[in-house]
Each structure stands twice: as structure tokens, then as C-alpha cells.
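Each of the two complexes below includes subunit A, the first together with subunit B, the second together with subunit C.
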Partner chain A sequence: MGGKKRTRVYFLMIIPAFIGFVVLYIAPTAMSFMYSLTNWSVYNPEIRFVGLQNFQKIFTDAKTVAALKHSVKYAFMITIVQNVLAIILAVLLNRKSRVVNFVKSLTFLPAVLSIMVVGYLFQYIMTSADGGLLNMIITFFGGKPVNWLGDEKIALYSVLITQVWQWTGWSMVIYVANLKSIDGALYEAADIDGANGIQKFLRVTLPLLYPAVSFNVLMSLIGGMKMFDAVFVMTKGGPGYATETIMTTLIREGFNSGRTAYACAFAVIFFIVVFIFSQTLTYFFNKWEEAIQS
Partner chain B sequence: MKRKLLALLLSLTVIAGSLAGCGNEGSNAGASDTAGTADVSDTTDADAGATDTESGEVVKLRMMAYNAESTRATYLQYLADQLPGIEIEFEFVSNDNFDNVLNSQLQAGEGPDIIEGGGQTKLLARAGYLLDISDQEFIGKYADSGLQAYTVDGKVYAIPLQSWFEGIYYNKRIFEENGISVPKTWDEFIEIHKTLEAKGIKAQTMGAQSYEPMMKQSIALANNMFYSDSANLAFDEKFNTGEGKLEEAWLPAVEEWYKIIEEGCLQPEMLGLSYDQALDEFATEKAAMWECGPWAVETILEKNPDIEIGMFPIPGTNADKPGWLVGGPGSAWAINAKSKHIEEALQVLEVTSTAEAQQALVADNAGSSFVEGVEIDLGDIYADCDEAFKAGNVYAPWTAAWTNGQSVVEAYGKSLQEVLSGSRTVQEALAEADTTNLNLIDAMK
Partner chain C sequence: MSIKKVLGKTGYGVFLACVFLIMIIPIYYLLVTTFKSPAEAAASPLGLPVRFTFDNYSKAIAAMNYLQSFRNNLIIAAASVVLLLVFSSMSAYVIARSKQKVFKIMSGVFMVGLIIPFQISIIPLYKMLAAVHIMNTHFAVILVDVFCINLPLSIFLIRGFINTVPVELEEAAFIDGSGTFQCYWRIIFPLLKPILATVAILDTLTIWNDFMTPLLLLQSSEKQVLLQQVYRNVGPFSTDWTSFFPMLVMATLPLVIFYLIMQKQIIEGVVAGAVKG
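Coming up: the complex of A and B.
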């Protein structure tokens, strides 16, 4: 009896959050699926069912497909770069000393700034105008100025650099917390076995970092797929369509151009892509976990 | 025990305070206890007042605009003086996000009482979001050319504010010192770039990070070479139905414009410059020319009070004809059909249609008025544009005539950025604009 009552209490406690989740997430997502099959637009009061027409249009529009590619490319690159750097920093800074603590705070500092602020800041640092800080440094050392945000071949990478700068510290803190939980006796045992630094890292540290790795990788991958604010502030998706991402395209088509149904269809595709990515990752992480435990 | 009592009393005060905050009556009884909640009751007092028109209290009208408040300062002060019963809550949303913010609010059945409309006005009117104001007396004061852009099926949905225009601002000192005069043809304009660059002076700056400047400059050439022939004005109607194609109609004009890229006067580096950065370069006399409109003058003079500037229209291929400016009945006030204060909003439009209000509008943002009989003196800066104004050489098809104007020029302007990077041709950019137009026509079916 007591067990049942307890379950009921738990259930009641979940209800408020569950209602919020349904109203704010499940319902809008379901509605997006529904609207993606219609011709709904801001400027068109009559809604009609049009089948898969919107999806067909998405895959025949080179701009939209390009935006999808940019987002995927960006997400994979930021996941790899940010996490590799964060792990290296975490391992190097995982010790007790005042200097190390200071460096740790310094690395984490950009994460407390708003993305908008960082974006505007870098727009001025990376500008091709005469006073651009980055180009001034490059020319001081005899290099040629680079059009960081205006060259369609590198604009996406420029935005990526700013985001790596901003978020690596944040990932690092999670890795450091994880490192602290690794039992020191394991390293002592490795020492006795005659392992060198790299071997200790590969055989002891990395496998036991599993929880932090799985969390950080998933977060940066999904965050990368959702990329909007930094691009919006720094390049507005340009030059041309060179830095358009899924989100900027959604906003442009859905709100600016009023093609609501088309944007809904794109949102559905976005949902499916993120779902596939996160499921695949979780599958591999589970395999990894099994391998560590066996 | 005392602590518990204190806690109980405190929480009761908080509850009373928050209830007072929620109450629409705005009674001060519960809130007067604590200073923190007094603010809340103040605002609710005002809110309650806003719904109460008969008691002679102030009605709040929300006005959403993409021109900054500073460009309307004199006018807003004039409205406040003339209409003491109405308080305008001016809400600025930058042009980049304007449609996005406005459309989401309108779709939710809300939105501002008064809307600053531009290229999107016809679309909004067709979708039933705007109030039909054809029968209002003040509509009769406006010239037809001003109302045309805001008329759908014979019904008027907005009143035009002062016209807007863009030409090329130039630094008079740099021009004089280098013996340069205002260009009469596009080739001369390009030649000026070469002369100045040869002397190590940056000729033209451009914030091409935004899609707008190249889009407008190239359309100025279309004005010169295509729309100057009045037979071609009918093209815009065909474009609205999807029958007319920019790729065919505008190609010669835009190819002429492209010479400025071919000759290296516009460079890919400009794609890394924002509007503000370009303004800085011009204001600090690092560049001799910049394409923009009157709204920028105040900031330029603020940054450099000593600068002497003028504006010339964008020249075409014929030296005997004055050049063209890009512009027209720029923006307009429309009323949200679902506004709760339609009567008051109409009063604002009525006052706006007076000669005094028109002068007040122009005081902070130069332009001509569409109210008949109102003479505007634009001042010395625009002396070189006189001929163009007299010839009526001011046009912007996307705000004046196109149904899907805003989205089409955005697609076109973004493609021109790719043209400047060298990855597209002007023909492809025009085709891209055509495709966007067809997609949007399709979305309205």
C-alpha cells in the first residue's frame, strides 16, 4: 500500500513540470508537424492541406540545403575542437595552486558574457576596417590583413573561433569536476606498473572521463546545430548565404518572409536530424560504457 | 514563537503586496506598506487609466517603428503638445527584425496600435491586419503618388510620412582639394574612384555586410536605365503576378552597375564592414563617398562637426539627364485593425496630416512631404540633388509597387554579396530574386 501511495505522491509532484513540458514543448512540436503539411503563411488567411509539398520545396532550394550543411559542419567542428581543447586544459589545470586557479577562472570568464556582447566585440575585433584589432596585429607582424567576417570561405570559421573561445572554459569546468572524482589510487597503481604520462591519460583518465565526455559532446553538438545568436550578430548569415544556419533560415523564411508552413517543415527536418544525431551518439556512448565496465 | 509570527506576518505582507500588484484597480491600500511594491501599484494605476478614456485620463498608444525615435523627436513632441490625452509609447525595432517581431505579434492577434509600414504594407492589408482608412477626411490632403503604395483594391490603408531617399554623400573638402566635381555619368563616377585611389585616398566606403547598400545602388541604375522610360512602369504590376522577370528587364542596368565591381571600386573587403563602421569611415574623413540617406546626417555631424558634406544623385549613362535617387514614400502610419484605441489612433493620423506636423517630421529626417501645399526646404546638403527632385527622379520599386518587396530585395541583396565575393554573376542574382518572388506568390495561394 505504502509503495503505491508513494508512487502517487511522486506522480503528483511531476504533474506541474509535465504540464509545462506538454504545453510549451510537446504541443508546439506536434503543431509544427501538422502545420508543415499545410500552406499556412502570415499573409494567407486560408489554411489548406498540401501534403509533402513544403518538404519537396526545401530539398530543391539550394539556400536551405546549404544552411542545413553549414549547421551540421559547424556542430561537428565545434564539438570536436571545443572538447579536445577543454580536455587538454582540464588535465593541465587539474592541480592545486593559486596560479592554476587563476588561469582556470580566466578560461571560464568568457562563458559569463552574453553571446550578443561577445558577437559585437568580435565584430569590431575582426572587422576589415582600418582599425580592426586582429588585422592590426597581423599586419604588425608583417602579415596580410584577412577579411574575417566578409570572406565567404572563412566567415563560418571566424564565428566558430569566437564560440570556441567563449565556451571551452565552460566545458573545461565540467571535465575538471569529473577528474576530481577519479580515484588517485588508480594513478598510483599505474605508476607501479611503470606507465608514462600519456599511457596514464589514455588508459586511466580518458575512460573514466566518460560521464563528462558524453554530456559535453551531446551538449555542444545540439548547441552547434541550434547556432543562431553569434551568426546573427556577427554576419547576419552573410556574406550572401555563406553563414546561414538552420536557425537563421527558419527565422528568415518563417517570420521575415512569412512562409510559416515552409519554416515548420524545415523545423520538422531539424527535429529529425537532431534526433538521429543524438540517438547515434547515445548508442556509441553506451557501447563505450559497456566496454569500460567489462 | 516570535520568529514564526514574524515570518507569518512577513509572508502575509508579501502576499498582499503581490495581490495589489496583480489587481487592475491599482489600489494603494495593500502596497503602501512596502516601498518595493509601491512601484508596481504605480504602473497598474497608469494601466488602469489607459483603459479609462471617459474620465479624461491619458490613453497609451503603442507605435512600432523601424526608424529610430531620434529621427522623430520633433514630431513626437508636436504630437504630445497637440494631443494631451494620448501618450505615445514609441517602440523601435530595427529594420532587420521588424517584420519578424511585427508578424509574430499580429499573428497572435495583438500588435501595436500604430504600425510603421513600408514594403510590407500591401501584404498586411491583404491579410486583413490593417484598418481601412479610405473614408477619413485627412486622406484627401495627400497627393495620389504618396498614397499609391498603400492602396489595395482602391482602399487606402496608411498615410505616407515624409519621403525617403538615398544618394551618394560626398566630402566637399576632399572633392575640392582634388579638383573633382559631381559626376554626371556612371563612368565619371567610376573615374572619380580611380583618381582618388591613385592619390591614396579611399574613394567610397560601403557597409556591405548588410545586403542593403549594393541592392539600392544597383536599383538606382535600374531607375536610370529602365524606370526612366515611363513605358516600363507597368513592369512592376507584371512582376507582382510573377509574369515579369527581373532577369530579363533589369539585366542591362545591373550589368552597367557591375562595372564598379569590375573596376575594383567596390571590393570584397567591404563585406566585412558594417553600416556603423562605414559611417565611421565617412564621418572621420577616411573615405570620400558613402551611399546613404538623411537619417545618417545627425550621427555624421555628431562624430565630426567640422565635416562638410553634400549629396549627389546616382548617375546613369546619359550625361544630359539628372541622375536618380533611390526612394519614395518611405514609410507610413497604418492602424492595427484589432487595436483597442482606433479612435485615438485616427486622431494621431489626423494631426500628422497637418502642415505643422509634416514640418516637424522633416526637422529630424529630411525628405519631401506628400501633403499637398507643404513646401519643404531640404537645405544645402541636397543642393546637388535639386534637378533630380524637380524631374521626379526618385523611385524604389520594392516599396512603391511590389507586393513581396522586402523579401525579394533581401534575396537579391544577399546574392549581390556573392557577386562581390566573385562566386555569382549578376544574372544569377537577378534570377534568385525572381525565384524568391515566385515562391512568395506561391505561398499566398
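Coming up: the complex of A and C.
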């Protein structure tokens, strides 16, 4: 098989998607890099090359640096919390019974809702105004009401809780599928060796969960870095700028303030951070895989 | 039964109940509030409504311009998914079956999209769409949904599936005189049904729940999608939750129904996306 004719047909089949992708994804990404070195904004009719000035500005602007820190902190925390909870749920819910199955599908349900809808729902649940459900429950049990979204120190964590509530079920079903693929004979062998439940989990289950862990951790980390909807609807980046993230800053500077080049420079930094994180993670996961197989 | 076993069973029951309550209370609260009057909602947030009222829903449907917004969602999702299935299955077929270097390079370019969030390109992308005068059109949203958000993963999933299909089938057809495209269309495409269903489900969820793209691209009210209608109404209804909550319900209801009917396929799709990703 083969021949020139076949290659030509292949080319015609792939080229529409390829052109679309290059024009709408690769080119604008490259343009972000180019614009980041200019002074383009809606106030500057003449575009000039300014070198790394925008990057300097970014790192001297407390608000922008804070946004970067929030996103990184948020991404790491949601990765850890969501995956630990999802593994615990997956291990405990990996059995056949109608009640357990029902709880499993209920846990997954929020993942099909939009982040924005979940954000608004929790904004009302967490409100410190009269009638906020969460504070009503807390005071019912004798606690003190908390200003979940209005207190600078905890607002980011409050948003995080809502996202953990929404996405843990998604990670969980991936862990459950992975658990099902683990050979039962390994557990029998561990039983014969006299291993208890926790030892079995650490020696057998966790190493063999490697594929699901690497996928889920990478997804939560990148997902956490580009978080936008939840903060946008729940806190608008406030109070002050306590919950500003990379994406809210990018949208504000690029679209609302019209500082195009500045926002592009910020996008480049976003790219670099995501790139470093994903490469580092992939490196460690490969090490882990080698360690398991040896 | 030993005491230890009884304790274990009770503990497990308590654990199940806790998970159930944590997951159900926000959803129950959302639903039950939509049937109450404002006074009732404030007085007993978790109680069942004394008198069911559907007034909140009729108010929400009118304020959201529901039918039109729903149609906008449907147009964007349906057009995007069809285009995605066509483009990604053809590309995946070429990537899986070809041996030439040029297609390997193209494949590498597509895979960049798996790691780098498209948000990095958002500002130049927006300027570009404005420059060709397709701002405020469904077409622009569809382009972004197809090429920027869903294409790489869709290609990747389908390619993984095609790799498991034996090439002998096509070779036989090729010897019988079928062309390359016919091999794909008559032999491979019908075999792809399960993975195409997975891809369609994952893409639909992403497209339907994407708020940022329509927010940036669709300005006029009659073109906007359900989530934008929710966003537009949050100000005017900020103190009137019992009217606002039905909007949240109505914006997600189509997907919840989709989930209830297709639960098994959706979860399998999510898992397939992870295992092959």
C-alpha cells in the first residue's frame, strides 16, 4: 500500500483541521509572545518594541504578583485535597451494592453542572447576610457565623471548597475504574503475608493507582491554574484582591483595561509556569513508573 | 458477628450517610428554594415548601428569554460536536495510519494543545476574530469551541481507538479497489461508534458549560447562551433568590437530564478519556 495518491488523500483529510488549529490556536499563542514585547494598549496608537518592560512591570505590581501566587497556591491545594479525597472515596465506594452505587452517581453529579451555576449556588449558601444556609447550620450547632467570602484570609479557601465539592466525583470515577483493573490475586497474596488494610493500601493499591494518579494530578493542577468562572461569579477577585487569579487578571487587563501587551506578557508567564509544572510532574511520574516496574 | 464487624458496618453506614448529606444538601436546597415565596425561604431554608408555587419558574423563564437562549446553546453545541467528530476522526485516521514524516509533525502540533491552555492565546484570538468581523456571532464561538478547546483531546482519543483496529480490513478493501477515503468512510468510521459517542459526550459537557468564551464573544442579548442569561440577571435579582434559583436550575436542567439518561455512558466516557489520555 501507499503511493502518492494515498498521501494526497491523507493530506486533504487532515488539512482542514490542521489549518483551523494553526490559525486559531498556534498563531494567537505565538502572537501573545510577540505582543508581550511591545507597548500595545488601547491608549497607544503606535506600537513599539519595548523589550522586557512589561515583565518588569508585572513583577513590580503587587496586585498581579498576588494573582500569580493565588493561582499557584490554589492549584496545589485543590490538587492535593481533591485527589486525597477522591482516592479515599474510590477505595471505600468500590463495592457492588445499590446504595453505594447511588452515592457514587450522586457524588459525580455536580461535575455535569456548570462551574458558574455551582459558584452562584454556593455564593448564596455561604453568604454572611441573613439567611445564609451554611452559617445557619453552624449557629444551629452552637458555632459562630463565618464571613466565608468576605474575609480576605479565607475567601480563596471558600471558593476552593466549592470546587472540591464539584470535582471530587469526577476524579473518583477515574480512580474507581483504575481500582477495578487491579488483580485481586495481589490482595490474596498480601493477605497470606499477613498485611493489614492500611499496609495493603500502601503496598498494593497506591503503586498500582499510578495511571489514574498521574492523569488526575496533572488535570487538577492545570485546571486549578486556569481557574476563572468560580472566582469570577463568587468574589469578583475580592475582597480587595484576595482572590484575584491569573485568569481574572488576564481578562481584566486585556479586555477591561485595554492593556493588551501587558496582559499578553502575563499570558506568557502563565505559559511558562504551566510548562514548568507539567514537565516537572511528568518527570517525576516517569521516575515513579520506572520504580514500580523495576 | 463479632463486635469489630458490627462497629465496622456502623462506621461504614455513617460514612455513606455523611457523603450523601454533603452532596445532597446543596442540591436539595437549590431545588426546594425554587418553589417557595421569599418570606418562606428566609424563615425555613431547608423545610419543604408549604404551598408549591411555580411563579418563580415562569418569572425565570421570561427573564432568561429561555427558548431563544436554549436554542442558541443547542446550535452552538450541535454544530461544534458535528464538526469535531468529522475533523477529529479524519485527522486521527491519518495520524494513526500514515507513515510519512509530515503527518507525524502535524500530530505533534495538535498534541501541543493537550498541555498548553488555550487561554494563553485569548487576547490575540479575540482581536483576530474582531478583525474578520465575526464578533458577536455563533460562528465565532463554534470556531473557538472546536479548534481551541476540544480538537486536540478528541483527536487523541480517536487515534488511540483506531490504533486498536487491525489494518488488514482496510488492506483487503484497498486490494478490492476502494480508495483511501472510502476505506475510512465505509470501514473505519462505522467501527468508531463507541469512541465517537465518548468524544461527543465529553465535548458536549465542555461546550455547554463553557462560560468564558460566550461571555467574551457574544454581546447582543438575543445571541447569548443560558449561562450568560443567568449572569445578566444576577444583578437585578440579587436580593430575590427565590426568582434567581430557578434560573440556575433551568440553565443546567438540560445537562442534568442528559446525565440521568446517559449516566453510564458519561462515566465511561470520562474514564476512557483518562485512561487513553
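What we mean here is this: the second predicted complex is superposed on the first by the 274 of 294 C-alpha atoms of A that agree within 3 Å, B and C clash if a C-alpha of one lies under 4 Å from a C-alpha of the other, contacts with A are read in each partner's own complex, and residues count from 1 in each chain.
Here is the rule we go by: contacts are C-beta pairs under 8 Å (C-beta built on N, C-alpha and C of every residue); 3 or more make two chains touch, one makes a residue touch a chain.
Note that this is a predicted model, so its numbers are computed, not measured.
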| item | value |
| --- | --- |
| Touching partner for A:Asp130 - first (subunit B), second (subunit C), both, neither | both |
| Partner chain(s) touched by A:Ser41 [first = subunit B, second = subunit C, both, neither] | first |
| Which of subunit B and subunit C A:Phe255 touches, first, second, both or neither | both |
| Partner chain(s) touched by A:Phe284 [first = subunit B, second = subunit C, both, neither] | neither |
| Touching partner for A:Phe59 - first (subunit B), second (subunit C), both, neither | neither |
| Subunit A residues touched by each partner, larger count belonging to subunit B or subunit C | C |
| Doubly contacted subunit A residues - partners subunit C and subunit B | 124, 130, 251, 255, 260 |
| Residue ranges of subunit A in contact with subunit C within the complex | 1-2, 5-7, 9-11, 13-14, 16-18, 20-29, 31-32, 35, 89, 92-93, 99-100, 103, 105-117, 120-122, 124-125, 130-131, 133, 136, 165, 169-170, 173-174, 177, 211-212, 215-216, 219, 222, 225-226, 228-229, 232-233, 247, 250-251, 254-255, 260, 263-264, 267-268, 270-271, 274-275, 278 |
| Subunit A contact footprint on subunit B (complex, rising order) | 96, 99-100, 103-104, 106-107, 123-124, 126-128, 208-211, 268-274, 277, 280-281, 286, 404, 406-407, 410, 414-415, 417-418, 420-421, 423-424, 436, 439-440, 443-445 |
| Residues of subunit A that touch subunit B when the two form their complex | 39, 41-45, 57, 123-124, 126-130, 132, 145, 147-152, 235-242, 251-252, 255-262 |
| Residue ranges of subunit C touching subunit A (in the complex, touch as defined) | 12, 15-16, 19-20, 22-24, 26-27, 29-30, 41-42, 45-46, 87-88, 90-91, 93-95, 97-100, 102-103, 106, 109-110, 112-113, 115-128, 143-144, 146-148, 151-152, 155, 171, 174, 179-181, 184, 205, 208-209, 211-212, 216, 227, 230-231, 234, 241, 244-245, 248, 251-252, 255-256, 258-259, 263, 266-267, 270-271, 274-275, 277 |
